[in-house]
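Each of the two complexes below includes chain A, the first together with chain B, the second together with chain C.
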Partner chain A sequence: MVLKASDLQAGQTHEEVVVHDLSRTQIVQYAGASGDYNPLHTDEVFTTKVAGYPTAFAHGMLTMGLTGTMLTNWVGDGRLTKFGVRFVSQVFPGDTLTAKATVKELREEDGQHLVDLDLETVNQDGKAVVTGSATARVD
Partner chain B sequence: MAVEKFPVEAGHIMLFARAVGDQNQIYYDEDYAKGTEPGGTIAPPTFVQASAQFDPDYGLRPKIGQKWFGSGKNPSGSNAPEEPAAEGEGGGRGGGGTGLHAEQHYEYHRHLRPGDVLHAVSKPGRTWEAEGRRAGKLHFSEGITEYYDQNNELVITARSVGVRTERPVTQG
Partner chain C sequence: MVQQDVQVTDAERAAVEEMKKSVGQAGAPTRYEVTSTDIRLFARAVGYTNPIYYDEAAAKAAGHRALPAPPGLHGRPVFNPANEGRGGGGQGGRNEHFPRGLNGGTEVEPIKQVYAGDVLQGVSTSTGVDLMPSRAYGRIVVRKTETVFTNQDGEVVAKTRGTGISY
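== the complex of A and B ==
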């Protein structure tokens, strides 16, 4: 699917539930795929007894990756030119996350239509876990 | 991170896409991918983070023959002082403070494909401090990593911000 500049306007949104009831196993999957084996994410004994957190929590980059899934589903394959986030709250096993993109601006650069997006991913309580922005090529 | 050779492989892309809940066939079905706009398999937008797999010194991966700081017989392997623990910038340690990821930004000059062989050039960026509401004093540091392909062309520019907290982040 490819987005057309003529079909977009500022304020338009797209959102997807990117994970429902996040499992510890998916966090393990992400550790294995990314290579980030920080025990804070998968080792409950270390995280609670040594690091002092109430439970193990997801990699920030897993939440960014989940947010990216929503983005590429919407803007299309290979269309992103920029993607950046801030990790504002931790994500825990059991969380359900919804990622949302909002059209900020449509512009043209060297004859190429671009869309700037604001991003926010929230948990089941509506609390933001990631905020950010992205830019994609559109037709 | 110092990554001298990061071969981008189709199977690795499939595993990474699964981990981030992405069912897009372009990440695992080359026949399908041929019919898409990129004309072949590409990597998901955060895939380059997996370059950690190819950093020989990456501290957040257990290494053969070295004590790992996660739990084993004891809650932390770091409790055994006679053996060195793996070092890592993101490693949580006893004493309460924790290294966490604060921001991540990517600029795509093109998207990665299986068969690409990347190398990375990293340089430190700014550092600053702030007083955190939930975790005491926060020390931020920025790193810029440029990923080049086998033709020495810049493919992705990554900017990462890490934060080291004085004590564990409290919720609320």
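== the complex of A and C ==
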């Protein structure tokens, strides 16, 4: 599915639950898939006893990837021209995350229709864990 | 210059000044291989259900020449134990004074679709090093980098800008 500029307007939103009850297994899967073996994400003893966190937590890039699934599900594959995030709060095992995109602006550049989006992914308490922005080509 | 209102030891301040010498300098190129297995692993880990990330026939039916890499995946650095510090993941840019790290943020600029079978070269350039106060850790070092990924045909396929936090 490809979005059409004519179907979009500023302020329009799209949101999806991108993970329900995040498992430690999924965090370990991401560690293997990304090659990021920072023990803060997988080693409970190191994370709690040495680093002082309440528990191991998800890679920021896993949360970015989860947010990315919402984007590509909505705008279509190969349509993103920019995708940037800030990791504003940690994501822990058991969290349920909802990613939301809000249309900021529709514009044309070099003959292409583009949509600028504001992004926010929140946990089950409504607390933002990721904020950011994206730009995608639309028809 | 290091901010004067951040409480640091002389050794830590010296370490940050040393890190700052890298700003503007490009690191050695790193080879990234993009395999179908990597794409499937990544897609599964972040929850993609679209078959184009798993099934070559579905990918080709959708107009792709092979499994496409999802946004943000640029393959995996080729691990070689002979190249100290490469391929281990999660430890780059830190030292004895700031041994731990977190990812503060990432921006991806996809320029050309990356596919299974591509071999990329990534070159990272340090674009900033700043010592800053932190409520959680007292002081942190914020390191900014830009990485340019080029494929086997010499085409730039993506740029990423990252913010790393060391403490």
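Methods note: the second predicted complex is superposed on the first by the 139 of 139 C-alpha atoms of A that agree within 3 Å, B and C clash if a C-alpha of one lies under 4 Å from a C-alpha of the other, contacts with A are read in each partner's own complex, and residues count from 1 in each chain.
In this section, a contact is a pair of C-beta atoms (placed from the backbone, for glycine too) under 8 Å apart; a residue touches a chain by one contact, two chains touch by 3 or more.
These figures come from a predicted structure and were not determined experimentally.
Shared-chain residue A:102: touches no atom of chain B or chain C.
In the superposition on chain A, A:37 makes contact with both chain B and chain C. The larger set of touched chain A residues comes from B, when the choice is between chain B and chain C.
Of the two partner chains placed by superposition, only chain B is touched by A:2; chain C is not.
Residues 18-19, 26, 29-30, 32-40, 51, 59-62, 64-66, 68-69, 71-73, 77-78, 80-87 of chain A lie at the contact with chain B in one complex and at the contact with chain C in the other.
Residues of chain A touching chain B in their complex: 2, 18-19, 26, 29-30, 32-40, 43, 45-47, 49-54, 59-62, 64-66, 68-69, 71-73, 76-87, 90.
On chain B, the positions that touch chain A within their shared complex are 12, 15-16, 18-22, 24, 26, 36-38, 42, 44-46, 49-50, 52-53, 58, 60-62, 68-71, 75-76, 78, 88, 90-94, 96, 98, 100-108, 111, 159, 167-169, 171.
For chain A in complex with chain C, the touching residues are 18-19, 26, 29-30, 32-40, 51, 59-62, 64-66, 68-69, 71-73, 77-78, 80-87, 132.
The residues of chain C lying in touch with chain A in their complex are 38, 41-42, 44-48, 50, 52, 62, 68, 70-72, 76-77, 79, 87-91, 100-110, 113, 161, 163.
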